[in-house]
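Heads up, the next two complexes both have chain A, just with different partners, chain B and then chain C.
Here is the complex of A and B:
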């Protein structure tokens, strides 16, 4: 019996290694590709580990210094050069838009969710299901009207416009997660605070919020990941480096047939750093938030 | 007289309190409701209105055209193609994603040393931008110097490089595969949470009854996972119907129209030809279909809630 258990564990461990490899392989490949020169990468088959790793590609994107390996052979074509140089701006725009959306979520979702969790009023159920249902409407189906609406507000090609769209798309999820979280807190503390003369907002601020930190962390992580990575709206509402976010920039570089693969790889690596850090730091809250929000109302 | 006043006063007072409470509720919800309505109700209503008018960016005037936009959209040969592609995509990717998630969850549920790391890794494909994942896989699947071909060639599985993204069937399979790679973490996490609520005694009892591993899964575990399973199936259908980013960076709908999913068709009809009327007609069709699925989803989630 014990022997069988041991064989089983070995099998599980092997399966675990396979799963880990399937997950990690693309990440390792793109990291390795970003550290090579183009001529190495297009060998058949491509080297799995960069034979002579170089950070020239990264330096080019941040400083504009053309890597020696390219300058000599003129592999780096003009259009691409300009495109990839937008990557740092795109990272900054994505970051600003994501943080803006997180702040909107923290304020508005907290207010709304606390009401849903504790107040009884007519229309509550309807309002709640309206908000929840709207979360799943696909972007493509609402894209045109939103484009036209933003245009008439003069918010095309602006970070503010993106923050508005992303807030509308993330708030339903945040409200759902936070409402569930607030409901799980003991109501007695709040009742005591109200008896002591606190208003609802004071109770929310001084009693509920300190207890709700994990819920707040979860919605911050979700809204950050969503708005940092969103593609469709960013694609057709932005035009210049003023508001273009990182997914738009790396997508436009990558569909350019002249693009250098190593520089594309650098863009991908840079685009993944912030989301991965966020996902790892907030992992626990993301997991519990996801499970609660998808399986409960 | 005096008593009457008191009653009236009491009533006013009581109503004042109630109003205050209702007022607070709606004031705190107003910003959210407004934003969400502006970005969902308004667009859907606007799409419905636009879809019965001519609305082409390069043409002047917006005359009422009845259902002609719908007719034109449906008569476009790409319409039927895109519906077929979307159905294939949903029919294959939803079971693949669900099964992959279930298998990974069953694996992670085993107490093996080192699986803590695996639990962290599982979140990675889901956390990065879809665009980044798609481009990475496009490089990996490249028909001339892709690492996938390189690997298969090196181990002798293939004699010549496969053109993954230039062959209609393989391109569809590739989009599904990449979608599954990115999407499986969600069901895996949900199933794992479900598995962890199953008391180990149940499985233990079945083991003592000499049930095989398969029987224990089939008759003990699976029935208890029914709730999460239904939710995952409906949710992943909604996700699969909405896929857009991946098609954009992986195949651009091609080769030909092999990976022109319905959402991609809607996008190109609108933004490539700037025919907002026709685009709106397609958007409205898509919104209607999705609203049905969303209603089913909410129902499934609620049904699961009620017994507990």
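Here is the complex of A and C:
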């Protein structure tokens, strides 16, 4: 009996490793590709582990120094795509837009959700479900109106424009999650704070927000990851490197038939760093925050 | 410090529930007043209206002469101890106690001095850096008290502060709260559903039922002269024994019940004007358990002031024994009296076996020398002044 259980455990572990490899393989391959020269990468079959790892590709993107390997005439794809030099700018734009969206979410979702959770007002229920329902609309359906709206505001090709769009898309979910989270907190704590001399805003600041930290972390992570990697709206509202975000730049590089695969790989690796770091740091809160808000009600 | 007064205060919830009806009550400066009643009687609603956590639907609440109906809770200068303590879990004990001072923006040094002073008063000096979840129930209770007194507010509000403690701790904290209140001398409104707590802790007790104030007075007065059947049954443990009978006047006042005629003594007939209208009519007679005694022990009581029955249970308490007996020849109480008697007897804290059929079964608190045994007959002597009469229709006491 015990032996059979042990065999089963070994099998489960092996299956887990296989699944993990299947999921991780594309990422590891891209990482390996970013550390190779173009001539190594286009061999058939391509090496899975870089035989002679090099950081020349990374150096080119940040400094513009052309990797030595590309001087060789034998290369099939020797053209070093100039566009990849926009990747650092794209990363910066993505980061600024994502952080901007996070801040808007934290401030507005907190105020909105607290109101929905604790204040009674006419039409509260209807407004709450309208906000939730607005998430169900496919975003493409509102693409044209949003484009026209942005143009009339003079916010096309601007980071602020993207922050507005992404906030509009992420706020409903954030408000919804936080409302459920706030409702799960014991109301006596807020009443105690009120009697202890706090105004509504002070109660929010000193008592509610510290207790809602996991919920806040969850919405911060959600809105960061969404806006950092959003592609469609970034593609058709931005034009120049002033506002182009990293998904748009990588896409425009990779559709170039002359693009270097190794440099595309570098772009992909660089674009993954921020979301991975964010997800790792907030991993605990994201799950606990979402689970708490969904299960405690 | 201040007095608190209620003048025709009402509370109607949006769904139409009338939680408080026409409450008029005056609480003097420095008093500890207990609001007591079964759950749902509106006592907590009254407290929350004073705190400003519930709107007042009608009438006025005054603190120190000022109408506070529309004053924000943060401006009222009242402090509240919640049933769940409502300690801030993300703050240490010291930060919890000092929170009202921090919000009031007192100088840092003054805050620390007062927190230390309160911690010393409550024996919490060693716990100031711990978090609420690391404390025992009694310590949490003290922290909640500390947070209330540190502000030196005009009024303390306490909402069932002891109901989450076990019995021995409740007993200890009850005395501590009473002592503390006397020492700081702040007007206090204390809510409980436990009548023993109400009697022991309060200078004055207000008994409430279904949103109405039934009686307000000092604890002994409420115990000795309950204004109606509900108060009579609710206050006192075990509850007052009730039986129906008929009032007669044949040379002297007497009641006939359970096949006997029991004369009333001088103390019981102090107000003949109130008794006369009931002559020849049905009345409800109440006896406190400790005003009954095993006739074999109390041989000095008159032979005609007896009530007999068969013992169903004997509970030894050490200082005395509780003898339950079924009264011979008694009949169940009629509808309204019975309903009031049973409603008042349900006491979730005391876990008293809710007397199943008042009027059939009596409880006497006898001297331990009593020989009453289960299934044997017992004669209970009625002590002087023990009988209280009530109107069976209205439940109102006759003759107070």
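The definition used in the following text is that the second predicted complex is superposed on the first by the 277 of 297 C-alpha atoms of A that agree within 3 Å, B and C clash if a C-alpha of one lies under 4 Å from a C-alpha of the other, contacts with A are read in each partner's own complex, and residues count from 1 in each chain.
One rule holds for everything that comes next: a contact is a pair of C-beta atoms (placed from the backbone, for glycine too) under 8 Å apart; a residue touches a chain by one contact, two chains touch by 3 or more.
Nothing here was measured: the structure is a model prediction, and the numbers come from that model.
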Please determine, from the superposition on chain A, whether chain B and chain C clash or fit.
fit
Answer with first, second, both or neither: which of chain B and chain C does A:236 touch in the superposed model?
first
Should A:189 be classified as contacting the first partner (chain B), the second (chain C), both, or neither?
second
Tell me the contact category for A:165 with respect to chain B and chain C: first, second, both or neither.
first
Given the touch rule stated above, what does A:131 touch, chain B (first), chain C (second), both, or neither?
first
If you tally the residues of chain A touched by each partner, is the higher count for chain B or for chain C?
B
Mind checking the angle chain B, chain A, chain C on Cα centres after superposing, to the nearest 10 degrees?
80
After superposition on the shared chain, which partner residues are touched by A:220: those of chain B (first), chain C (second), both, or neither?
neither
Return first, second, both or neither, reflecting whether A:121 touches chain B, chain C, both chains, or no partner chain.
first
Give one of first, second, both or neither to describe whether A:97 is in contact with chain B, with chain C, with both, or with none.
neither
Looking at the overlay, what does A:212 touch: chain B (first), chain C (second), both, or neither?
neither
Superposed arrangement (fit on chain A Cα atoms) - minimum chain B/chain C Cα distance in Å
7
Looking at chain A, which of its residues have contacts with both chain B and chain C?
none
Which residues, counting only chain A, touch chain B once they are in their complex?
8-9, 12-13, 15-16, 19-20, 22-24, 26-27, 29-30, 33, 41-46, 48, 108-109, 111-112, 114-116, 119, 121-122, 124, 127, 129-134, 136-146, 148-149, 164-165, 167-169, 171-172, 175, 200, 225, 228-229, 231-232, 235-236, 246-247, 250-251, 254-255, 261, 264-265, 268, 271-272, 275-276, 278-280, 283, 286-287, 290-291, 294-297
Chain C residues touching chain A - in the complex, by the definition given at the top:
51-53, 72-74, 76, 78-80, 82, 84, 86, 88-90, 99-100, 103-104, 147, 151, 157
Tell me, which parts of chain A touch chain C in their complex?
186, 188-189, 191-199, 202, 206-207, 210-211
Which residues, counting only chain B, touch chain A once they are in their complex?
21-22, 24-26, 28-29, 31-33, 35-36, 38-44, 46-47, 50, 104, 107, 110, 112, 114-115, 117-118, 120-133, 135-140, 144-147, 149-151, 153-154, 161, 181, 186, 189-190, 193, 227-228, 231, 235, 238, 241-242, 244-245, 248-249, 252, 263, 266-267, 270-271, 276, 279-280, 283-284, 286-287, 290-291, 293-295, 297-298, 301-302, 304-305
